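Letters A, B, C, D and E name the chains as they come in the text, with residue numbers starting at 1 for each one.
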Amino acid sequence: MVLARVIGTVVATMKDVNLHGRKLLLLQPIATDRSATGRAVVALDAVGAGVGEHVFFVRGREASFPFLPDEPPTDCCVVGIVDRWDLE
Amino acid sequence: MVLARVIGTVVATMKDVNLHGRKLLLLQPIATDRSATGRAVVALDAVGAGVGEHVFFVRGREASFPFLPDEPPTDCCVVGIVDRWDLE
Amino acid sequence: MVLARVIGTVVATMKDVNLHGRKLLLLQPIATDRSATGRAVVALDAVGAGVGEHVFFVRGREASFPFLPDEPPTDCCVVGIVDRWDLE
Amino acid sequence: MVLARVIGTVVATMKDVNLHGRKLLLLQPIATDRSATGRAVVALDAVGAGVGEHVFFVRGREASFPFLPDEPPTDCCVVGIVDRWDLE
Amino acid sequence: MVLARVIGTVVATMKDVNLHGRKLLLLQPIATDRSATGRAVVALDAVGAGVGEHVFFVRGREASFPFLPDEPPTDCCVVGIVDRWDLE
């Protein structure tokens, strides 16, 4: 999974029917020093994350697992809100 | 998913039979400031997107979900047309 | 999917049994201005593409779909020969 | 799979129910000269790895295989602790 | 698939039970001029490749196909030994 900061939301009236009613978050992947790294992604949310929070998200086929038996066509999903990380 | 701008279309007479009759869009991934980032991709379209529109697309196995029970051999599909995004 | 130019072929006597009898193409991914972008990949071919042609290829799990019920262990497959692309 | 060093752990009270009770490791991918390469990732652990150890991790759909019949929504999992590597 | 040179092996006493008894190769991805490109990966081997040989490997879900009905948690597997490649 990838560490990220929730930097915003996406509004999309026209979208795949299996995305209806689901919040779309904008995530900025971050390094362990909290600096931005790589481009922002659009993700679904399985844990109630809000703008400004640090989270980690899963990519790929597993991104739709939290919504089973629904299978929204997503490849990014927030699966945890980060309290903190501890480095060696 | 990834933000992108629809920058064109691809014409291909010879293609896999499960792609027949499907529109092929050229997408330029973009950052949240709308600048181009990374190379263009060829995608299917599940939402009726047109050239010049901002969209988000899904990659990987989920890109064929909107077409079930058909399973076109695609790894990129537009699943939403973006009205706007709101940054913190 | 990704735009590419077929730049050659790979000869491999020793290969997984499910790749036997299948042509192995070398593809150079390209940008919309036809310049090379990123490293070359080895791909199977579902459409009869030849060296010098412009194609698009699919990556990941879907790359084996064109060969069902066979499931060759491939993550890259040419699924279309490009006649042209039209930019906005 | 990718070589990495375990550089820390992530604490997350709010997370997907299928991640409950699972340790979250922070991994820094490394090159064969042990230098850092690419951004850190958050991973589950199938082998009891500890901070400071060298490991290799699997990405994508296979990252949840070690936990079957559970299917935690993860795309990164440590599947081996490295004793050493031998270069030609 | 990706062209690579087998540059070494990885020794790991502690590993996922489905990796027991399987050789772990270190691969350096290469360009068509045989120069190194990108970071080394750890891969399983379906074809008996040895250190110093040029090979191609598959990534992702398909990397475990050569071992069915076993499903080792791997995302990289050597599926061919390269005799040569021919460029246009």
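By our rule, a contact is a pair of C-beta atoms (placed from the backbone, for glycine too) under 8 Å apart; a residue touches a chain by one contact, two chains touch by 3 or more.
In this text, all values refer to a predicted model and were calculated from it rather than measured experimentally.
> Going by the contact rule set out at the top, which chains touch both chain D and chain E?
The shared contacts of chain D and chain E amount to nothing, since no chain touches both.
> If each step moves to a chain the current one touches, what is the fewest number of steps from chain C to chain D?
2
> After a C-alpha superposition of chain B on chain C, what does the rotation angle come to, in degrees rounded to the nearest 5?
With C-alpha atoms aligned, the rotation comes to 70 degrees.
> Can you work out the whole-Å distance between the CA centroids of chain B and chain D?
31
> CA centre of chain A versus CA centre of chain D: separation in Å?
19
> Could you tell me which residues belong to chain E and also touch two or more other chains?
Touching at least two other chains: 60-61, 63.
> Taking the contact definition as given, in what order do you meet the chains if you travel the ring from chain A through chain B?
The cyclic sequence of chains is A, B, C, E, D, beginning at chain A and stepping to chain B.
> Can you list the chain B residues touching chain A in their complex?
1-3, 29, 31-32, 37-38, 46-48, 56, 58-63, 65-66, 77, 79-88
> Going by the contact rule at the top, pick out the chain C residues touching chain E in the complex.
6-16, 18-19, 24, 26, 39-43, 51-52, 60-61, 63-64, 71, 73-76
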